[in-house]
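Each structure below appears as structure tokens.
The two complexes that follow have subunit A in common; it is paired with subunit B in the first and with subunit C in the second.
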Partner chain A sequence: MSLNEVNPSIKAFAIVISILILSVFFDPITPLVTILWSVTVTFLFGRVSFKKWLLLFAPFLFIAVIYVWSTMLFPRLQGGDSVIWQWGFLTLTAEGFQRGASLGLRVLSFATLSIMFTLTTKPTDFLLSLMQQCKLPPKLAYGIMAGYRFLPLIKEEFQTLQNAHRVRGVARARTIPDKVKQLKRYVIPLLAGAIRKAERTALAMESKGFTGDKNRIFYREITVSRMDWLFFILMISAVCLSAFISWKLGYLQFYNGEL
Partner chain B sequence: MLAKWKLREVIVLSVLAVVFAVVYLLFLQLGNVLFGLFGLIGYDIIFGIWFIVSIIAAYIIRKPGAAFLSETVAATVEVMLGNAVGPQLIISGMIQGLGAETVFAATRWKNYSTWVLMAAGMGSSLFSFAWGFYVSGFAALSPGYVTAMFFVRLVSGALLAGLLGKYLSEGLAKTGALNSFPLGKEHKRNVTV
Partner chain C sequence: MSRFEPQIQVEGLGFSYEEGAIFKDLSFSVLKNQSLLLLGPSGSGKSTLAYCLNKLYPEAVDGELVGSITFEGRNLDEFKQGELNQKIGIVFQDPESQFCMLTVEEEVAFGLENFHVPRAEMEAKINHALKLVGLQAEKKTMIHTLSGGQKQKLALACVLALEPEVIILDEPTANLDPQSSSDLVETIARLKKERPFTLIVVEHKLDDWVELIDRCLVFDSNASILFDGSSEQCFGEFAPFLKKEGIWLPKVVEAALTAKDAGVYKGEKPPLRNHELLSGLEDPDAFFKKDTKTRSKSKPILEASGLYARGHLKNVSLTIQKGELTALVGANGSGKTTLSKCLAGLIPLTQGEIHFLGVPLSKWKEKDLFQLLGYVFQNPEHQFITDSVYEEIAFGLEHKSTALAILEKIGLKKHANAHPFSLSQGQKRRLSVATMLVHDQELLILDEPTFGQDANTAYEIMRVLDEKQGAVLMITHDMELVDQYADTIHVLDEGELIFSGTPESLWEKHEVVDRARLKLPFRKQLLNEIVRREIHVAQ
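Moving on to the complex of A and B:
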């Protein structure tokens, strides 16, 4: 059993609920333990290339650092905070630093959970599962699949447009106002083309007997097994356990409804 | 919700959502640059762009649910396109879409004037901010900074989603591609009269 085979909808729910739980805590330890857990699970149970994982994860380090400094520079000051450093309107407190670290680690924990999902889930399987398990209407699901298939076509059209402009002697945009104008020259025709294609696709689907009826059978069935629920329970328990460890270490801090 | 929709409308909504999902992912990169320059408030400057498909879909199709569904589908497609966008984004998309939908619902899906479109963008700003407040832990920030973020996002929603969305939709109507949709019909009437 690998992560790649877990039912996509259940995997998605496990991650969304983990994130909702993580958001209640304002201490660095809870997200940190969750990060360790999710990275371990990703590499032990998922067929994931380390290089790809690192490529996706790296930008979040940068985002996390900015979260930390934003929170440190603009902290919510509370009575009893110990001030480390003060300069003009800037006040650095130990508590502010800890909350900053907790938000930075929160971003990273969301990232590891997200990457665990995206690197082990095929896009079409996810959509099929949403339709078969979460009652996404077939009309919309097949509409999304059709639209998804348009992307390479739209890219091709974009290149055609680019070439056509060049043949007619439109100079390459160099200044920012020129670039905005150029963007407009591309966006409207591309969108118009996409809409026309969408209408033709709808006509073709209807003429081949697609009614969007919910009582239909599927060529590819996505199933739910006990293992899927086991995964779900393990993921949620792990987040709760992270909070428990943090509490044992004396770090746990909740969101107190501050506005 | 979709029972009263024609297949044509559903597919056009999906295709708009797919196209803007790609745009959204590209703007995430720009957002990160602004984020690097200005800190947390950097995202809020361009946050409105992430609501634009709600405005465009609702303005073109004019049916209950257009704003909500298009934003939700765009978020789902962002997750499908992979990268590091996890399934929690679908919840964000639903909440943003709901923000705009609430404004359109308040007019009983009858009024699509510029002001309503801008208010819908602001509705998305408001809803998404409440969600971000919880998930991103804005409670740890100083209230003054959070208020500034909120107002920047509100303005961004009105301009980048409301006004830009209206402008793009009308550009599309001029091409004639929307002739079988309410916006296209309205445009044709105005031209012939």
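Moving on to the complex of A and C:
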């Protein structure tokens, strides 16, 4: 059993609930244990390339580090805070340190859970599952699917447009008003192109008899099995266990508008 | 239904949309299993008519339809939404925008799902449809990795899986290289023999279709029916008339017309097939000989050596001489556009060197470079940077008065104040070429300048390019243009330059022509046929 085969809707549901539970607490230990758990599960049970994972994780790590820095070094000083270190206007308190760590780890725990989903789920499977298990209207689902195919095309078109304007002798914009003007010049042809493509695709879909009818027979059936629910229960229990460990260690705290 | 009762009956059909009527009061009928060709200048409403026939229009756009269309005796209004699409299938022009799924099998399944085909039967139907078009090996392939020709075959497979009675093809080969085009037409001809169906084709490149088509419906630029009858008649007595309207003709017909004007065609009836043309010509050898023009090649304008780029190009070296018209040809995806953009400095090289007017490309200031080097993109809209046709030409010109003179020359003076996007396809193309001619560039690079143009516009563009001072490099799939205008030709295959030389010497290298999925120009095909015959007679 691999993570890639878990029913996408249930996987998404498990992760959304996990994140909701995590957001109730505000301490460093609960998210830390969850991070360890989700990273372990991702690499043990998912066919995931470490490089891709790192690439997605890096920006979150960056944000987390910045959060931690700023909360640690510019804390809201309250009476009774124990000061660890002081230099000029910078003050580091134990409470500030804990708050910063909680915040950073919280960001990272959300990130690791989301990345676990993204890297083990094919977009098509997710949409098929949403239609089959969650009764998402086919009109919406196939629309998203067609749009997803467009993204690389639009990027390509944007580059062509930039080149075409360079050849015409439109210098690269340097000032902000010039940049706005340039953006305006790109928008019309880009939109015109996108709308035309979308119309063509819509027409092609209709020509194959697509009406948005909800009673579809799907060529690829996305099933729900006991294993999928087992995964769900395991994920939720793991998050609860993290909170329990944190409570045992005496760190557990409910989120109380600390930010 | 009796054999002679029409399968599709159109009566007093009119369609109007936003700016006004696309066509009005059309009446015609189509018999079962007929092969009908819709012909007309671009913008004459052929595609719109095709979409009306299977009820895509007027529902997909806010258009208004008057008159009636019946299919097998039932008015189209009586069909439920989507019901008709199973009976009348359509393949569109643009291979990039007619799919909504990611893999080949999913795409074929999409149509079957829409018609509630039981899951147990789907697999077999998908396999069968893919086998019909020769794509069975690509079942699990991602669609975006397919070639243009394969995509069009997939579109055909999607239609075939539904076992329709009528198949409409809306310029299916417009985006394909010469051999992929012939390939697709052959596939359709074979399918039609195996299991008869009614075929309605909208197409400009007619040569491959002539054998298959039994009836033509010709529209003029106002979308009224000019001619309705057999293809023999259409391309026979009626051909001179079509030529005047700017409608593309099969090359064999075109050649016969020229021969007739020169008084060297003595055949009794106008030809439709090569051998008919040959037997009607007095001296075919002389007729198809090309008078070689010589241009004075003075000095190299651009020299490229050992180019590599983004894994698309492998060790490409070439020289462009002053005064030359150079053609760059090759199959879909062979790297033609990439190479042309590299030469213009628009894509960075990973290795290699380009000298433009003796100076390395990297040493040029962008502003100076593009005064001397022009590039016309495939989609003219990409190059429009102002809000009016006049300003497009006047942009960057020192003497604004010359702008009007140029507009006059390209026939757009009365549109001077119009927004460039509001022009017709042909006008947009003329404008985008003109914006690049105003500076008298030393080198002009064009990516498929005649794509999607009607015959008159295409010739007009080629005439302008032919007269241009300096050098021209042009990407094209049209071997007739290459044969007629190019001095030098470069053939790309999977990023490698496999041939550089004159067109005449390329036509002798059959292995290069085949490998790059090219085709011999009509003239050369016929000359070869003459040789074959002589050998045959001698034996």
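Observations on the structure shown:
Everything below uses one rule, namely that the second predicted complex is superposed on the first by the 224 of 259 C-alpha atoms of A that agree within 3 Å, B and C clash if a C-alpha of one lies under 4 Å from a C-alpha of the other, contacts with A are read in each partner's own complex, and residues count from 1 in each chain.
We take it that contacts are C-beta pairs under 8 Å (C-beta built on N, C-alpha and C of every residue); 3 or more make two chains touch, one makes a residue touch a chain.
From a predicted model like this one, the values you see are computed outputs, not experimental measurements.
Subunit B and subunit C, once both complexes are superposed via subunit A, fit side by side. When both complexes are overlaid on chain A, the residue A:206 reaches subunit B and subunit C alike.
Annotation: apex subunit A, arms to subunit B and subunit C, angle 70° (C-alpha centres, rounded to a multiple of 10). When both complexes are overlaid on chain A, the residue A:54 reaches neither subunit B nor subunit C.
By the touch criterion stated above, A:94 is placed in contact with neither subunit B nor subunit C.
In the superposed model, A:151 lies in contact with subunit B only, and not with subunit C. One of subunit B and subunit C touches more residues of subunit A, and that partner is B. Looking at the shared chain after the overlay, A:217 reaches subunit C, while subunit B stays out of its contact range.
When both complexes are overlaid on chain A, the residue A:166 reaches subunit C alone and has no touch with subunit B. Judged by the touch definition given at the top, the superposed model places A:62 against subunit B, while subunit C stays out of reach. By the touch criterion stated above, A:189 is placed in contact with subunit B and with subunit C alike. When the two structures are aligned on their common chain, the gap between the nearest CA atoms of subunit B and subunit C comes to 6 Å. Under the contact criterion defined above, the residues of subunit A that touch both subunit B in one complex and subunit C in the other are 146, 188-189, 192-193, 197, 199, 201-203, 205-206, 210.
Taken together, the subunit A residues at the contact with subunit C in this complex read 124, 142, 145-146, 149, 152-153, 157, 160-161, 163-171, 185, 188-189, 192-193, 197, 199-211, 213, 215-221.
Within the complex formed with subunit A, the subunit B residues making contact are 2, 5-8, 10-19, 22, 32, 35-36, 39-40, 69, 73, 76-77, 79-88, 90-91, 134-137, 139-145, 168, 171-172, 175-178, 180. By the touch criterion stated above, subunit C contacts subunit A in their complex at residues 51, 54, 56, 59-60, 81-83, 85-86, 89-90, 92, 94, 96-102, 105-106, 109-119, 122, 126, 144, 158-159, 162, 341, 344, 346, 366-367, 370-371, 374-375, 377, 379, 381-385, 395-396, 421, 435-436. Against subunit B, in their complex, subunit A makes its touches with residues 11-13, 15-16, 19-20, 23, 26, 56-57, 59-60, 62-63, 66-67, 69-71, 73-77, 96, 99-100, 102-103, 106, 110-111, 113-115, 117-119, 123, 126-127, 130, 137, 139-140, 143-144, 146-148, 150-151, 154, 184, 187-199, 201-203, 205-206, 210, 212, 255-256, 258-259.
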